[in-house]
Every structure is written in C-alpha cells, then in structure tokens.
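Once you scroll down, you'll see the structures, which are given as structure tokens.
First chain A sits with chain B, and in the next complex the same chain sits with chain C.
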Partner chain A sequence: MKRYVLRRVALAIPTLFLVSVIVFAMMRLMPGDVATRMVEGHAYAPTLAALRKDLGLDRPVHVQYAEWIGGIVLRGDFGNSYWTRQPILDEFVRRFPVTLELAALTILVSVVIGIFVGIVSAVRQDTASDYVGRILAILALSVPYFGLAVLVVVLPSIYFKWTPVWTYVPLTRDPLENLKIMTVPALVFGVTRAGPIMRIMRSSLLDVLRQEYIRTAWSKGLSERTIVLRHALKNAMIPVVSLIGLQTPLYIGGSVIIEAIFRLPGVGLFFFEALNKLDYPVVQSVNLIIAAMVVGLNLLIDLSYAFLDPRIRYR
Partner chain B sequence: MARRFTIAMSLALVCGLVVAEPAAAQQPKRGGVLRMAEREAPSLDPHLSVSFLTHSYVSLVYSQLVRFPYGPEQQHSTDFSIVPDLAERWTASKDGTVYTFHLRKGVKFHAKPPVNGREVTADDVKYSLERFMAKSGFRSRFDPVQSIDIVDRYTVRVTLKEPFAPFLNHLANPTYCVILPREAEEKFKDFNHPDSVIGTGPFVLKSYDKGVKLTYERNPDYFMKGLPYLDGVVVEIAPDASARLALLRSGKVELSQLWGWVNPEEARSLKKTNPEMVMTPANAMGQSIIYFRTDQPPFNDVRVRRAVSLAIDRKSWNDALLFGEGCLESGPVPCALKEWKLEASKMDPARAKYLVGYDPNEAKRLLAEAGLAKGFTTPMFHWPGYQPPWRSFYDLAADNLGKVGINVEMKPEEYGKYVSTTYLGKFEKMAMGPVTPFTEVDDWLYGAFFPEQPNNRSNVADAELNKMLVAQRRELDPKKRKQIVDDIQRYLADKAYYVYVPSLAWHVAHPPYVKGFRFHDGYGLGPRLVHTWLDK
Partner chain C sequence: MRFWTRASDIDSHRAALPTSSVGAAVAVAVPRPPRTRPWYADVWIQMLRRKPLGTIGGVIVVVMLGAAVLADIIVPYGFAQTSLSERFIAMNGAHWLGTDQLGRDLLTRLVYGARISLYVGFGAVLLGCVLATAIGVLSAYFSGPFDLWLQRGVDAWMAFPPLLLLMSIMSLLGPSVWNITTVLGVAFGIQNSRIIRGVALSIKEYTYVEGARALGSGHLRITVGHILPNVLPTIIVVATTGLSTVILTEASLSFLGLGVPPPYPTWGGMLSLAGLDHMYQAPWLAIWPAVALSMAVFGFNMLGDALRDLLDPRLKGG
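Moving on, here comes the complex of A and B:
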C-alpha cells in the first residue's frame, strides 16, 4: 500500500511536468500579445521593450519557464499577476473555498440523486419507475447547466419578482446564509451532472445483480434490501466513483458560468478573466494547482477501491 | 369686476396649487442606500486602467478641477459645458496657452489614513495631473501640456505648447484627471488598494469585498453643502447580464447597470413584468461601425467602400434589431452629441447618400467599376461577445453585403486577440464592432482619423483631412470650431472610411422611488448620484 502510494506520487511528477509545459506553451501560442495590450491600452510602461523587460518576457522562453517552475518548486512562489502585480497564491487561496464548496455541494447533489435514481432503475428494471428514471437521466444530460442556471435566475424574477441570487457571504461568517446562497447553484449544477452517474450506477448495478454471489445471497433467503444495499451496491460503486473522479475537472471548469450567474467570487471567474487578459502567470499557476488537485483526487479515488472491493490489492 | 377678480384669484390659486404640489413632492429627502448591479472593475487605480468600470467606481470618491453639469444643472444628457469643481474659478490667457486655476479653500480629503482629512492644495493638483500624464493609457490627451506649476497654495498654472480646444473637456472628464492624494500612493504603491482610494468626492469608499460588492458612505464633509442626499451606495458585483436584470426585476437593486440602461427589448419585457418601473428613452453616445484597411486593396478604393455603405439597409436594420429606436448614424459624430452633430439632411444629398443611403444596384455598379463585377470575398474580424443584439449585427451586415456580391467570411476572435489587434487597427481587410464613447468631439474626429492614433482603426491617412483635424483642435472660438467640425463632417460624407450602421438604443430603468437620477452620458457615476434621492 505504502509503496503503491509512493509510486503514484512519483508518477504524478511527470504528469504535472507535462501539464506545466503544455499550459506554458499554449499561453504563448495564443493569438494576441499581453505586453502590447498592457502598453497600448493601459500604459503600464513607457515602451513595449521596457514592459517586456519588466515582466521578463524579453528572455528566452526556456529561461522564463525555468524561472516560473523553479519559483514554485523551490520557493512555493506561484508568481504575481501581470496586471494587478498581486501574488497569485493569495488570490487563489481567498477564492478557492468558494469553488471548493460549490464543487463539494454539487458532487453531493449529483451523487445523491444519481445513485438513488440509478438503484431504483436497476432494481425495478423495465418498470415504470425505471423508465421515469432513465428519462430524467437523459433530460439531465441534455439540458446544458448554464441554460438551466439562467432559467432558474430569470423565470422567478419575471413571474414572482424574486430571484435566487444573493450577495455572497463566506461559510465562516454566516453558515446558514451561506448555505442559502450556495444551495440553488449547487442544485442546478448537481442535477445536470447527476445524469451520467445515474446511468453508470444503473448499468453497473444490473451487472453486479446478475453475478453468482448475488444468486447465492438470494438462495440464502436474504431480503432484497440487504442484497442490494449490502452485497451489490458496494461492488457496483467502483465505476461510479471513477466517473466522479473523472468529472472533477468539469466542476472547476463549469464553475466559471455558475459563479458568474450566481455572483460567487470563486476561482472560475478569476481564471476566466486572467485568460481574457492573457495573464500568463495566473493561467499557468492556477491550471497547475488544479491539475495537481485532480491528480491527488484521482489517487484518493484509486485508493478507495480497496475499501469498496477488498479483492483489490495495491502493489 | 369683483367676480372676475375672484375667478382669476381662484384660478391662480388652483394653478398655484397644481404647480406647487409636485414641487412639494419633489423636495429631495436625505437618506437611504442605492444599490446597483455591475461587473467588477479590473482595478481601482484610475491611471492604471482604461476601463469605464474603474473610472465610474472611483468617480464617487474623487473630485476634479472642473467637471460637467449633472442633475438639475444639466441641459441635456450630453451637456459637456464646464462648471467648477475643486477649482472655483479659472482664467485662460488670450492665446489659450496658459490656464490658471484657483482652488476652493478648505476642501478636505476623506478622513482615512494616511491622508486623514488633510486640505487639498495646488500640490495635489500638480501631482495628480503629472501622474495622469506619466501613467494613464489616455495620457495622449494631455500631449499639448507643457508644464504644470504651483503659483501658490491655492493656485495652479497649466501651460500648453499650443492652443488646445479640448483641454477643459478632458479636464472635466472623470476618466482622466481626478485629484489624488500623494500620501496614498506612497503608502500603497498605487491607488488600486481599497484603503488607498481617498478623495474629496461625495462618497467615501467604506469597503470593497472583491468579487462581491463595493460599499460607499456619504461624505459628511462634501464641499457641495447638503449633498449628496443618499446615505450610501452599494455596487453589487454581478458579472452576468441576465442576473443583473433579474436583480432589478426582483427589487434587489435599483439600477441594473451604471447608467440604469436596458435595451429596447428588455424595456418592453420589463414594462410587462414591472409596470411600476420608470423608463426613460436615452439617446446615448456610441457608434456601431464597419471598418477597413483603407491602406490596402480592395478597400483603398473609395468605390468599394461606398458600395459597402450603399449595401446597408439601415432602416430595416433599425426596425428589425432595435425596434426602430436606434439612431441612423450619419458620420463620425454620434447622434447623441447634438451640439457637434451635422445631420445628413444638412449635407449635399449627392454625397450624403454614401453615409445613409441604401441602393444595392448602385453598389453593384460601383463594384463593377472598381473591377469587381463578380464580387469578392472578405473576412470580417469581430468579437462575438458584445452584448445582444451585436451578434445579429454581424450576421445582418454579412447578409446585406452578400446581396451586392460581397461574400463575408466571419472571423470571430477571442477577446484578448480582438482588443490587442483588430480593435487597434491591426487586421486584414475588414472588421466590425462598437466604438468607445468619448465626451470630446476631438476624440471622434482626430482620434478616429488622424494617422497613428490607436482609434484610427481604418488606418486613414488623408492629408487634406489632417489639416482640418488639427485646425479644429487649435480653434478656441466655439462657433468657429463648430464650423470646422461641420466642414470635416461634410468632407467625410462620401469618403466612407468607416461605414456607420444604426447605433444602439437604451432606456434608463429604475423603480419609481428613485428620484433625481438624470441620465448624463459619460463616466461620472458619482456626480450623477450626488443629486439622486430615494422617496421611500
């Protein structure tokens, strides 16, 4: 187990290295030039050359890369934004709890709905409740979450002069108020993400329910409840958990629009605005931090398989 | 006789009452907090950002030497006459090259450290104007300024290299020359930190919760006695337009953006859902243009550009996309800038048709004459993200041009690329987009047509025009200047350097209890709110 974890952590290093190279290169391959914009539109420096020197953009690309990655690895310094000159990590740390909370609640909503409907659908295969569940899943899959978010905000304002958009309050300051603010965006986002979970849950459970050890359980005279929840569900969860792991980057990426519509000051908007302003260090560092989190989360998910299926061993 | 007198008296009384009653009802009340929804500003430092959001947010906090009239002082929404602000009076030398400003005495900065309510002096004015000239993206506005000198504690002298007619207008525009305290920059390095935002304006920035809201409180020591009426202002950061409108509908804000604008379509829907909402049509500055590389084929040929203009069916355009409320722009001076605008009806019709006319057959003939009888294909660079109905604008332009044989290839660009290239005139052949509104006519003329200006997006280089562009800047007599500006508009009528399509229309919308919020174009959110009050 320990060796497995160490090996996975070691494997994460080349992954993150590749991510860092790709995001670094992509920012520089993007059309438009940040220095031109900062000088011609905003007078950040008297001349282009002066600004390039100031930002270090006049040096060879590999030197720029080495300095950025070196700062992170050696000093934990993720650099400063070109535009605001503020440390990126500070802004990230300030905004990350919002996105994290949104992601956690979204996962909660999608998992609860997806697993529940998935189980009902599988256990009552080809009955009315199965069809309803499957229709709901397809519906959730086909409605874009940003469209649903706009409807949820706009329609009640038209018909009831009320809208579920409030002024953001941190969880630590007023948990109840915070929960009120976060519930609707998490529901909107979570419902649309529940579709795939429901479908995987259903097919995986159907598969497990046909296995021999389940037949044995039936022949022992166990109740349906015990068989499904205690014997089948745990094994059927493995692909579902993998799916949640795979969806994690979507929660961060999709949060841009949810944050904009519901006025949540999270990482998504910070990242999006930096991308629009070609703020290289912000895009690079935020991308790298999120990539590291996704890698870490996937490791946790892989480790959770042992809990779900004791036959799985880590070597 | 006596009876007649009585009737007359009664009539007078009734009239008096009728007149007196609304006057009594209109007596402004103190108190209340006005809330508005808007996007986040990229920075709070007025010299390190060219964003109108930045300048609007800090216009609540800062004052200027001179300003435009607002609220009850203004004649109309583009009244850009000059009235005193921190300078109670000023004089100009006869040749217009030396301006002397005399400051109000006893005006104090907000009581926030490190400035702590210190009095404003000539040194602050010199510091602020010089910082503008050194740092702002708009610093070229002050290129004609030679020096800024302190005469005494309350007197500043600005010397220009040459007569410069736009000078006072630039000084009065909140986008440029607000007066800042030096100590704040020394302590915070710039004016972006919320604690560094210390001015002499009507409101004090109390707190800034990034990504969430800006909270302002009334400045109890504001030098305009009894003003502002509001106890405070809150800007609720809401990046999404549909959410901003939903906040207005549900009564969570009083204004759904800085000017309180909604577009004609939203206005119609708002009238249905919230019939109590007060809505006033606002003819705002702003233009929608097709622009060209006039220095490269095929658009270096005036016949091709004229063909583009004649292909645009402006009337149907306005009806289809703007409910007939948009303005059919005729030339570079926007409709809303009434004092400088020369209507197409006052020009030679034979030439004005290239500004406002619709004649697809003539367009085809012109193309044939230019050797393009079979038509041609051109890219149209643009940023698709501008608010509705902009996307339809691009489609309609392509459709109109397609009908005369100009095949438009849509070239949508990512925002970063658009503003750093196309927007600055660096593109191939043809592009389309809105124009940033400016308060000084010089920006619409010199800025858009003089070589090497960043807003000269069509890369115009016209020696005869250049002479007139320079002349209007140097002419200090407003009447004579207006004549030159008219001549420029006449001259440009058939050049089609830019093709103007109808400009957007707006309605200012707010609940009925918001009073005294008169629409004034430009970026003075603070001064607009000075006269605003809440009747509830």
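Moving on, here comes the complex of A and C:
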C-alpha cells in the first residue's frame, strides 16, 4: 500500500509542472495587454513603458515564469494582483470558504437526490417509479443550471412577489442567515448535477444486483433492505464515487456562474472579476491552485479505490 | 468512401457490430439470410425500432437543423430588427413569443440562435474530432516516450476545470464566433483524444495490422488505411454525445459575455445577466431561451446516447 501511494504521488508532480507551464504560456502568448487596459482605466504610471517596467512585464518570459513558480515553491507566495497590489493568496483564502460551502452543499444535494432516486429506480426496475426516476434524470441532464438559476431569480419575484436580497453573510457570523442564502444556489446547482449520478447509480446497482453473491444473500433469506443497503450498495458505489470525483472540476467551473448570478463573494467571482480586468497574476494563480486541488483530489480518489478494492494495489 | 466499404468488408469486429446484432435479431424473428444493408443505414433503422427516446431526440435535432438552415425563409423579421413602438409585447399574432426591450421579435432571435448554436457546435465538434483522432491514433501508434509525454500534457490539460480554462482563453482572445469555435474545438479534441487512443490501442493489436506491417505497409498506410476506418464508429459516438456538451458550454460562455458577441442572438447571451433587469418586466425573455436550450441539449443527449448504444456499447455509462 505504501509503495502504491508513493508511486501515485510521484506521478502527480510532472502533471502539476505541465499545468503551471500551460497556465503561464496561455497568459503570456495570447493577445490582450493588461498594461494598456490599466493605463486606459487609471493613470497608474506616466507611460506604458514605465508601467510595464513596474509590473515586471519588460523582462524575458522565462525569467517571469521562474520568478512566479519560484515564489510559489520556495516562499508560498502566489504574487500580487496588478490592480489592487494585494497578495493573491490572502484574497483566495478569504474567499475560499464561500466556494467550498457552495460546492459541499451542491454535492450534498446532488448526491442525496441522485443516490436515492438511483436506488429506487434500480430496485423497482421497469415499474412506474423507475420511469419517473429516469425521466427526472433526463430532465436534470437537459436543463442548463444557469438557465434554471435565472428563472429561479426572476420568476418568483414576478409571480409571488418574493424578492430576497442576495447579500452574503459569513457562516461564522450568522449560520442560519448564511444557510438561507446558500440554500437556493446549492439547490439549483445540485438538482441539475444530480442527473448523471442518478443514471450511474441505477446502472451500477443493477449490475451488482445480478451477481452471484446477491443471489446467495437472497437464498439465505435476508430482507431486501439488508441486501440492497448492506450487500449491494458498497460495491455499486465505486463508479458513483469516481463520477463525483470526475465532476468536481465541473462544480468549480460552474460555481463561477452561480456565484455571479447570486452575488456570492467566492473564489469564482474573484476569478471572474480578475478576468474582466486581465489581471494575469490572479488568473494564473487561481487557475493553478484549483488545478492542483483537482489533481490532489483525483489522487485521493485513486487511493480510496485502492482502499475499497485491494486488487488495485497490486497492479 | 473507400475506407467505409473496406471497414465492412474485412472481418472487423467493431464496424460489423451493429450489422451482426441486427442479423441475430432478424434471424430469431424470421428465418431469412443475413442482411447485406450497410451498417450506417442499419443504425437508423435500429434506432426507430428500439430507441424511442433516441428517435424523439433525432426529431428535435432535425427540427433545429431545419430552423437553422431555413431561418431566413421561415421568420418574417431580422434578428437585429428593432421596433421601439413594440417593446415588451407578451404574445400576439405578429410576435408569437413576444418581443424584448428593443422590440426585437423573440421567436426570430431564437431561430437565429439555433443557427449560431449549431454553427459553433458542429464547427467545434468537427475540429475537435479531427484533433482527437490525430492525437489519439498517433499517440497509440507511436507508443513509447512520444505517447508518454503527449499523455502527460493531456493529463495536465484535463486537470483544469474546463469552464475556467475556456473562460481564461476567451477573455484573452476576445469574444467572436470564430474564436469560440476554435477554442471549443481544441478543448473538445484534447479531452476526447483519450477515448480514441484507447480504441486505437486495442485495434493496433489485431493480427490484420500485424499482417499489413508484415506486407511492408508504411506508417501512413497502416494508420490511415487500417486503424482509422475501425476507429470511425467511436469517432461518431464521441461527436454525437459531445455535441450537447459543446452547445451547453458555448451557451455558458455567451451567458458570461465571453462567447458570441452581441448583435448575433445566442441562447446563452439572451439569458445573460446583462438582460436581467428586463426579465423582471418580461419573464418570457428568460423562459423561452432556457426552454430552447434545454430542448436542444435534450435532443442531442438522447440521440447521442442511442447512437452510442447502437454503435459502441462498450462506451456505455461514461
């Protein structure tokens, strides 16, 4: 097990290096000049050349890359925003709890709905409840979450005169008020993400229920409840867990849009605002941090497979 | 064309899959000699017989295609034609789905929106499939360090949340139809090269490839003449299941103002936050684009799923 863990960790390092190269090259090789934008917006420096020198943009690209990556690896310094001159990591850490809470609630909503409907669908295969479940899954797959979010913001205010003010309150200050604000975005996002989970839960549980050891369990006279929940579910969960892992990047990418619609001051909104201002250091560092998180998470998922299914360790 | 016939001539398990399953089904019902219909015609007949949802999806896709191609003929207004005396009309005989804040006809804009969605969707998927096939087949064929490094690059690309990466690129390039098609195509290609590579790796091991090599065929002849035709069903599956994702991604980028720029109507752009204030006055401005987008995604999803089941059941559940 220890050797397996070490090998998996070693494989993640070249990936992270390439991630940083892709992010950096993308930001520097593409058209779009932050200095021009800044001089147009505010008179930070007398001339373009002076501003470029001030930001360090006049130096060769590889020097800039080395400085950026060196700061991260050696000092844990992710650089400063061009516009506010504030450290990026501080802002990221301040805003991350919002995004994390949104993601956690979203995953909770989608997993609870997805697993419940998936189990019912599989156990009652080809009955009315199965068809309802499958139709729900197809609907959830088809409705775009931002469309649903816009409808949820707009329609109740017209037809029910329900216009909540979306001002964010931190969880630590007032947990109840915070949950009230986070519930709607998490529900909207979670419901649309439940579709794939329902489908994979259903098909994976159906596969497992056809296996020999389930027949043995039936012939021992166990109740359906025990067979499904105790014997079948753990094995059927493996593809579901891997799907949730695969979908995590989608949760993070989608949270940019959800945060923009519901005005939640999370990392997504930070990223989106930086994008509009062509704030290179913010965009590249946020991209890098999130990609690193995704790589880390995938690693954890792989390791959890090895834990769930010992055969994997010896491959 | 030559590759298609050859794919069904030789004893290729992949291309022959749908045909042989039809042969079996028919043999049970009526004892008749096996059909000689080409596999790509059989797929559609099987779809009509066994996949009702896929057929509904197909109908939606055909309607959407028709709307996109015939947009200039079927709607009486221009997509940017404003009429300030007719702002915020809910629904009437002249404007079936109402008008927006500038008096533009909503139905007209939805129909032209289908054109943009399909234009970007098909363009990106076409580009993506060419790229995915090139990366996948080459990576599988020339294994070794070339494959290893290329795949680490693909790993690194796939570590990003797709929307974050696409947003970064689009904000640097600036919104335009051309840019978004190219960027979505490249992203689609890199992501799906994995699947193509997997299939190409298994095809490479077949004896007919070894036989071709023994006969002295060059790299080009083996990859293009022997591997490519047998990867083709998988490419079709990847393309049809991917279309809904690409259309949805284009809509999300346009929603954020990073996709197709204003005068062109897009479903994502029509839903976008910029028009939120008007939607409180005229909810149909939010409802119909959302419905159109959901219908399109539903149609392509169902069609893609059905085609995947018929063409390549091994990819199921992905």
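FYI, the second predicted complex is superposed on the first by the 301 of 315 C-alpha atoms of A that agree within 3 Å, B and C clash if a C-alpha of one lies under 4 Å from a C-alpha of the other, contacts with A are read in each partner's own complex, and residues count from 1 in each chain.
FYI, contacts are C-beta pairs under 8 Å (C-beta built on N, C-alpha and C of every residue); 3 or more make two chains touch, one makes a residue touch a chain.
Because the structure is a prediction, the values reported are computed rather than measured.
Student: Based on the shared chain A superposition, would you classify chain B and chain C as clashing or fitting together?
Tutor: clash
Student: Looking at the overlay, what does A:15 touch: chain B (first), chain C (second), both, or neither?
Tutor: A:15 sits against chain C, while chain B stays out of touch.
Student: On the A-aligned overlay, A:278 touches which partner chain: chain B = first, chain C = second, or both, or neither?
Tutor: In the superposed model, A:278 contacts both chain B and chain C.
Student: Between chain B (first) and chain C (second), which, if any, makes contact with A:261: first, second, both or neither?
Tutor: A:261 contacts both chain B and chain C.
Student: Give one of first, second, both or neither to describe whether A:92 is in contact with chain B, with chain C, with both, or with none.
Tutor: neither
Student: So, does A:294 touch the first partner chain B, the second partner chain C, both, or neither?
Tutor: second
Student: Go through the superposed model and pick first if A:150 touches only chain B, second if only chain C, both, or neither.
Tutor: In the superposition, A:150 contacts both chain B and chain C.
Student: Who does A:167 touch here: chain B (first), chain C (second), both, or neither?
Tutor: The first partner, chain B, only.
Student: Give the label of whichever partner, chain B or chain C, reaches more residues of chain A.
Tutor: So, of the two partners, C touches more residues of chain A.
Student: Touching A:24, do we find chain B (first), chain C (second), both, or neither?
Tutor: A:24: touches no partner chain.
Student: Quick one: is A:189 in contact with chain B, with chain C, with both, or with neither? Answer first, second, both or neither.
Tutor: A:189 sits against neither chain B nor chain C.
Student: Overlap of the chain B and chain C footprints on chain A, residue-wise?
Tutor: 30-32, 150, 153-154, 157-158, 260-261, 275-276, 278
Student: Hey, which residues of chain A end up touching chain C in the complex?
Tutor: So the residues of chain A touching chain C come out as 14-16, 18-19, 21-23, 26-27, 30-32, 138, 141-144, 146-148, 150-151, 153-155, 157-158, 199-200, 203-204, 239, 249-250, 252-254, 256-257, 260-261, 271-272, 275-276, 278, 283, 286-287, 290-292, 294-295, 298.
Student: So in the complex, which bits of chain A are touching chain B?
Tutor: 30-34, 36-37, 40-44, 83-84, 94-95, 150, 153-154, 156-163, 165, 167-168, 259-266, 269, 273, 275-278
Student: Which residues, counting only chain C, touch chain A once they are in their complex?
Tutor: Where chain C meets chain A, its residues are 53, 152-153, 155-157, 159-165, 167-169, 171-174, 248, 251-252, 255-256, 258, 268, 271, 273, 276, 279-280, 283, 286-287, 289-290, 293-295, 297-298, 301-302, 316-317.
Student: Per the contact definition, I'd like the list of chain B residues that touch chain A in the complex.
Tutor: 42-43, 47-50, 135-137, 139, 192, 209-213, 236-240, 242-243, 245-247, 249-252, 269, 273-274, 413-421, 424, 454
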